[in-house]
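Letters A, B, C and D mark the chains in the order given here, with residues in each chain numbered from 1 onward.
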Amino acid sequence: MGSVIVRDAKGRVSFGPWDLVIQGLILVTLAAYAIETLPGLSEPITRALRLFELVTVGIFTGEYLLRVLLSRPPKSYVFSFYGVVDILAILPFYLSTGVDLRTLRAFRLLRLFRILKLARYSSAIQRFHRAFLLIREEMVLFGAAAGILLYLAAAGIYHFEHQAQPERFASMFHSLWWATTSLTTVGYGDVYPVTTGGKVFTFLVLVVGLGVVAVPTGLFAAALSKARDIEDQH
Amino acid sequence: MGSVIVRDAKGRVSFGPWDLVIQGLILVTLAAYAIETLPGLSEPITRALRLFELVTVGIFTGEYLLRVLLSRPPKSYVFSFYGVVDILAILPFYLSTGVDLRTLRAFRLLRLFRILKLARYSSAIQRFHRAFLLIREEMVLFGAAAGILLYLAAAGIYHFEHQAQPERFASMFHSLWWATTSLTTVGYGDVYPVTTGGKVFTFLVLVVGLGVVAVPTGLFAAALSKARDIEDQH
Amino acid sequence: MGSVIVRDAKGRVSFGPWDLVIQGLILVTLAAYAIETLPGLSEPITRALRLFELVTVGIFTGEYLLRVLLSRPPKSYVFSFYGVVDILAILPFYLSTGVDLRTLRAFRLLRLFRILKLARYSSAIQRFHRAFLLIREEMVLFGAAAGILLYLAAAGIYHFEHQAQPERFASMFHSLWWATTSLTTVGYGDVYPVTTGGKVFTFLVLVVGLGVVAVPTGLFAAALSKARDIEDQH
Amino acid sequence: MGSVIVRDAKGRVSFGPWDLVIQGLILVTLAAYAIETLPGLSEPITRALRLFELVTVGIFTGEYLLRVLLSRPPKSYVFSFYGVVDILAILPFYLSTGVDLRTLRAFRLLRLFRILKLARYSSAIQRFHRAFLLIREEMVLFGAAAGILLYLAAAGIYHFEHQAQPERFASMFHSLWWATTSLTTVGYGDVYPVTTGGKVFTFLVLVVGLGVVAVPTGLFAAALSKARDIEDQH
């Protein structure tokens, strides 16, 4: 089995084809995590899921220890991004065995960090990173514009609707929820303006706001095409 | 009528202008299928629709047999993509005559495969295919990102809303339905967060998620323009 | 006043600065039409609106007659696109005086054709026309794809939801309404799937469908940029 | 402290690093404004917020007076865009001390002009301005098209739905609210068509309308990329 251990120029360790097996295992544990939340599971299924959890945590712990041992120096892995992700993915299991059931729930969410382990093996994510760097400035500006717009929209709708719907527009923070669902065009329908002033204001906010929300995605699509062209030239 | 039978370089058969007639007939059968679902149809109309179904299945069967006979070798058609589509389009009729009414419904849906027969005659679909090949890698990455995002969104909202709304966010699979309608910005309004934590989480998910969902369409539009430019150069 | 009458190379007539006055008048009549629909208008306002309608129809009639008289030959205007629009814009008034109140409502809608008169004066619309010609083929294909998608979505959701919600998904035509509001991401919330099968199906339809609906707008935006570049080169 | 006062070529004054402090203070006052709207605040918190308001208005007033004194000539600042914004940001406080509580609310909204003070310090906004100039013509045309579309959509849906839902589609102005929420795809679900005619009409309006609303954002994204390319060339 020693022959499958590969060490790259930076001293990082990979396990060749075994990496794929571990990736597949991560996906299965994520599915198991989802199944665990189903209400009314029978006793045998619950026990099987618990056993599966035990086995996978064992495998992930073994993988972590191997990586620590094989890295030169071990510190380089322990304090690297993926080293932290890997420990976060197994820690919840060990921590939750000693504590009572209440706090157990929050720890379980940490298991989701396993999903980040999938990213370890994909080099294509770098193109996305380059595309993002190309339009970083615009993204910051649009982020600021979106923030200002959300604030002004919330302040305005609070002014128009607070008296007509004191429950739904109880404060500017409640109004921010309206601004979020409206400007993203989700529009659940749990909160919407009923006064004429509020409706006219909503119209104006949407005319300006849809652009602020939609333009960045267009920019990113263009940047991705550009990042690809630059790659092709090299 | 023999003069309208055309055989191309690969030995595939087409019926010249009669192909257009068959296409038109497919559209009419689709309309008839929709009309059949209307509640409270009168007896004469139901009978007319059944007769029409009989006639069209007869024509499609004749077309299928002709194609089998004329193809060289016949196998090349029977096991081709369109050969399978053509048999799936007429099979439901013959299968449903021998069985009881319960399973009949599922077979009827197979009739919708007739819609794929329309694609046979369009060569312009190839440009879409080329455009898709240009950005295949990005599409796979965005698909993976969308999958991870949906999973994390469902896990997160389950954590925040499960206790406040145990019915609507009963499990992570129920939460996935919320994630689907929210990230596509459909927002039916049948399920939405009510806790402060859930609302803040929704805000963060939407900020990241709208890009993941919207960028691929922008990429595809750019790829289509590119595919067109490449064509024009040849 | 004769000096403001301009006749272009094709023999078409325009009234110089008076054209702007007529455009403004059209906008005011559109506003008046909207105000007329307000419930509970006082008698004096109703009378004022009726008088205003009388005056504007008089002016538009005079304009129409002038154009007929001045065009060479008069036929060229009467049977032109704008000639038909102009007569449709004044005809409702004359037709509705002789008939009872029931059919009057439908005629009134014809008054909206006045809005098309605004297009007469804008030459910039031609750029939009050129951009549309650039991507006509793609638009036809996307139109066909959207049609097929709507049909399949309606047929599928009817299959999954008809038994669970026989009122809302009463037929495939009712299901088409669901498909329309879902694929455009409007999502009013008046109709949505409740079965697990219907929800999974909705997820699949939305993944495919959002692209089919959103890509054409991206294509058109790209075509408009292109049409502009071509103009700049000349 | 005199050394931090910088005067640029146009005679405008800036306070070097102190500008950043003032920007931060603006953000904090905006947060305080939001917190003030929370219902059920305790007495000490309300008093603290009032004190904070007093202090910040004092600082902003000092800043305003300094700018007036240091500008050459003082008029150039007082009547400049930012001069007006700066006075609007502090005026509400002084005006609201002399009047009763009713009108106080409206004045408070003027405080939001402080947000515009943030724009003073960002030079990157100029790129957005240039991109907008590139597509000004198209934007005007799309604005006109959107206006016409909204009007026709409201008139049409009023015709179809007024009799079936006289409350929700009471007038064309009520129908405009439906047109706004539908064409922006927000779809709150508070108002939607129920008649077959209204649903078919909605389908047609959405097919045309989504493009009119979505294309401008695509155009702006393309213009921003272009504006960037032009910059890079210089």
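The rule is short, and it goes like this: a residue touches a chain if its C-beta (ideal position, glycine included) is under 8 Å from a C-beta of that chain, and two chains touch if they have at least 3 such contacts.
A quick note: this is a predicted structure, and the numbers were derived from the prediction, not measured.
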Chain whose mean Cα position lies farthest from subunit B: D
Centre distance in Å when subunit B and subunit C are each reduced to the mean of their C-alpha atoms: 30
Whole-Å gap separating subunit B and subunit D, where each centre is the average of the chain's CA atoms: 43
Shared-contact residues (touching 2 or more other chains) in subunit A: 185-189, 214, 217-218, 221-222
Graph class of chain-chain contacts, one of line, ring, star, complete, other: complete
Complex contact set, residues of subunit C against subunit D: 30, 33-34, 37-39, 105, 109, 112, 115, 118, 122, 124-125, 127-128, 173, 176-177, 180-181, 184-190, 213-214, 216-218, 220-222, 224-225, 228
Complex interface listing, subunit C residues touching subunit B: 137-138, 141, 144, 148, 151-152, 154-156, 158-159, 162, 170-173, 182, 185-189, 192, 196, 199, 202-203, 206, 210-211, 214-219, 221-223, 226
Subunit B-touching residues of subunit D, taken from the complex the two chains share: 185, 187-189, 218, 221
